[in-house]
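Pasting the structures in now, so scroll down.
Both complexes shown next keep chain A, but they swap its partner, so chain B is in the first and chain C is in the second.
Take a look at the complex of A and B:
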């Protein structure tokens, strides 16, 4: 406890020291200046006939310059640089968000027109013109994606466990390299692989739901391997050693200690991998095809899926075309909603399964 | 219960690098043996070789003999998993399993080895082990809370409870107090003194007062030079090491004239 309690603090400004008070811009001055720059940009582009893209470019440059120069003059060089970088980073963020916002808006705007009960409980069987729906395609997508998950998760997870817990030397490096290569293969190649594989057994022209599942597995397995590998690597080695020191065999340590500790990350990785393949179009186009009626058996005949449904509604709309194009938009909307739901599920998994801290 | 450990001509390697050379030591049952020495001289490596935890590290291997009650731990027909069931270990940093409650942490050794046990037996074992680790009164009302919510000293005592719950014959402790405050350290030292009636305890420590306080015998490890393997320089009763050591190097280290 200090005994030197001065009754009145000395005036700050008179004390010479390393910490000096600086002049600062008023609170909303920087934002205001930036907006003024945008308005100026709009005026400038209006001189040569109004153009939205030019407005944004002029406005961003002028706004950034205005903020930077003012701040530099008033607040000094360091603060000025700070404001400059803040402006650049914020502008880049907004530009990156523009396509996303535009996409969501367009899909909602066009997709909501046919977002009705008929869309969810009727197929395209016998539909010419008005009406019709994607019941068959929604369930086709769900079934094929489920089948893909059932094939990919065990293979991917076990491969990741091998890489992290058992693999050494050349084999491990070879697998890691091949997985990296597989992450990069174009999706149509995966589709042609499944097509060629099944053509060997059933002859050319075969179309089955399970073919699509296999094609999608080729795309999904590497994603699961990579994400699971990263998550398993994060499990502290001390926990494995603690378990070994209790006389627990290695496989049991993996099942009872490593995987439960990593379960949140594993679940998130799988969910995001599902979201990654659920919208694939090209491989399903060549392996599953399209059908107007409902086929829920992936081992027999063609199936409808949402992405392929949207593709055909758009490219072969029939007459009048607007009705089919509206159905395509709604199919796209449903697909985006599925992906968003999966992302929400991934977040919930990582929240609820994370190890509890108890505090 | 407690068993005698005889080590003869033990060389320990990481790949091609020889980390520890030519250790001969006899560890008495029902006593505390302390290992001291500068960092990187191979104390922890030696300790880990006593329950075959050393070979968990890729490329690590051991030459020589570790004999417990007439049985060579490194003979070909011995399963390292069985060795570790008999020789428990407490690590430098407390490492309770984060997914398990306090209760589950204590019986982790039993449950993970899938030994069948009645609920009442498990309750008794948990209480006995936690009492043995001087933690029962602090946690008895929150056994189902996660173990990671305890303080550092409590977590370390939880790890000791977990280690003694499987009823090992030897307890190895690798700097168990280095991450703890003096009060928790004292609690764990008291605990060691109680536990030595039932277990053979080997402890690695950087704290020479701690070695002097708790141990009956002390071994001093040292490096001959940079890149050279560590060696056991001197192994004697603790009073002798701290009052009148045989080797000049030991005296220099203990009095702080090291290096």
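Take a look at the complex of A and C:
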């Protein structure tokens, strides 16, 4: 502690005035004041009939005011402003966490009711009322997502290789810019594009699983290009040059040196891209439609997919509505679990297959 | 070699078949992406053309195409603007909290949680909006209509279900929050350490350091991120289709039960049951959405990239 400092020059430098005040609040004073404000807010809200939302609003405002005014009085204007901003930023962060917590709670609360074996091994064929499940929709989603991945990964990866290894000049700049812009295409527009493309050949009213895969590819390719490009750029140039110096042709350098070095990042990027498109609903709604039975052939007829299944079970539940709505929530829960699982897999890939070169 | 040889040409690099195939397919993929983007525009125009040229009487509702799309464009814009106004300050605060306030160890975990928010499918946000958020907002709307009814935005009568324009604006705000905060976080953390340390060394408090060294540096990144979020909010489909009860024309009344729908939600709801010219009309509205989002995204990318050009020098 600072008990050893010499006391002599202190009276000389100490000047009255707002410029510099060395008084500070004790360490936990700010937190304590904020909590006191929260308690006061709870009391205030209890006066008018207890209400959780009002409690939080009153509490946050009172707590912030308490910290700000005390700090301003004790520590001066600048330190007071600093404490005020700290309070506001922290409060904003907590506010932003509320929807996430509420969303997870709502989906778990509603989704666990029908989270049973029947949900996973029966389709909706001939189901009126009780029972029924999403077997057909789960497999439809997996098939269409797999098809999307098969289309998108080679194109996206090769385009990223072009941008990093081959591209020069105006074409490279144009592709980089337009890939960025493409990440912002609304998903429904991608669906309409696939519809328009196939309607040209098969007439209007066509619904195929592969149309959905094309639509999702339009959304997935730019994501893969972006992430792969970032990862390939990280591969040290020394490795490429060492390979060229040994007389290895460029394409073998890319296949044998660049891609293996970057494989962890590429895997993570692809997994996250899959996670992004697996929950897409709108493009599938206009291209794949929905059926009650199981159709595992993406080149013939409508297919069921998990997000579209959830949407229709919620918005057109039939009678009695509760049963279909419960199925919809369980479908939403399964969808979230799929996305979370993919995110975890992506993390694991980047941890366990990390590049062996020093970075 | 003799002295008479022409200027020495360097040995031509040997063109191998593998190299040629690989280079060709790589640049082919790059060009394919350009073609797809062009294809989106061309096919949409092609399918929308019958609706653009059709007589007003043949279109759904018996009105002109602009009269049909107009309220939808208005609804799309107003929902996205509400989302942007709510989300941007919160996202900046989150980004600041994670980069400069949170304990270092917690910060990475929090960043991961925020990224997960971005991965949740939009249809699930719709479920949450209609089941949790809309009912929770009904009392607030009643209070707004009663006490702030003189403001046209809250004129009321308040919706009894909470499925209003303001609700969908808030749902969209939650959805675009992670996008804006991810980009803001990135630019804030790139603020030059020397500037930050210099500010602190001169005796600045943490907020003064942020205000003087971080925010000026991150400003264009935040603007670009906000515009990317705007693009996302404009094109968002399923959440709007589930939550908003869209029926009615242009109105600034945010809390009543008659709201204009948005382009994307209208397509999702009408498309499965439409045939003939109605499909073409919907695709024409999709073309309008495509044009709006492309313009917003191009502007956003231009702003973000402009920052990237300068950032290397400092």
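To be clear about the criterion, the second predicted complex is superposed on the first by the 286 of 359 C-alpha atoms of A that agree within 3 Å, B and C clash if a C-alpha of one lies under 4 Å from a C-alpha of the other, contacts with A are read in each partner's own complex, and residues count from 1 in each chain.
Here is the rule we go by: contacts are C-beta pairs under 8 Å (C-beta built on N, C-alpha and C of every residue); 3 or more make two chains touch, one makes a residue touch a chain.
Small disclaimer: the values here were computed from a predicted structure and weren't measured.
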item	value
First, second, both or neither for A:66, with chain B first and chain C second	neither
Touched partner set for A:138, first chain B, second chain C, both or neither	neither
Which of chain B and chain C A:274 touches, first, second, both or neither	neither
Partner chain in contact with A:56 - chain B first, chain C second, else both or neither	neither
Partner chain in contact with A:38 - chain B first, chain C second, else both or neither	neither
First (chain B), second (chain C), both or neither touched by A:180	second
Residue contacts on chain A - larger count, chain B or chain C	C
Touched partner set for A:252, first chain B, second chain C, both or neither	both
Touched partner set for A:100, first chain B, second chain C, both or neither	second
First, second, both or neither for A:239, with chain B first and chain C second	first
Residues of chain A at both interfaces, chain B in one complex, chain C in the other	249, 252
Contact set on chain C toward chain A in their complex	16, 18-19, 21-23, 25-34, 36-37, 39-40, 43-44, 46-47, 89-91, 93-94, 96-98, 101-102, 110, 113-117, 119-128, 130-133, 136, 174, 177, 181, 205-208, 210, 228, 231-232, 234-238, 241-242, 264, 267-268, 271-272, 275-276, 279, 282-283, 286, 289-290, 293-294, 296-298, 300-301, 305
Touching residues (chain side chain A, partner chain C) in the complex	53, 78-79, 81-82, 85-86, 88-90, 92-93, 95-97, 99-100, 102-103, 106-107, 110, 154-156, 158-159, 161-163, 165-167, 171-172, 174-175, 177-190, 192-193, 195-197, 199-200, 204-205, 218, 221-222, 225, 249-252, 254-255, 272, 275-276, 278-282, 285-286, 289, 307, 310-311, 314-315, 328-329, 332, 335-336, 339-340, 343
Footprint of chain B on chain A - complex, ascending	168, 236, 238-249, 252-253, 256-257, 260-261, 263, 355-359
Of chain B, residues touching chain A in the complex	51, 53, 56, 58, 81-86, 88-89, 91, 93, 95, 97-99, 108-109, 112-114, 145-150, 159, 162-163, 166
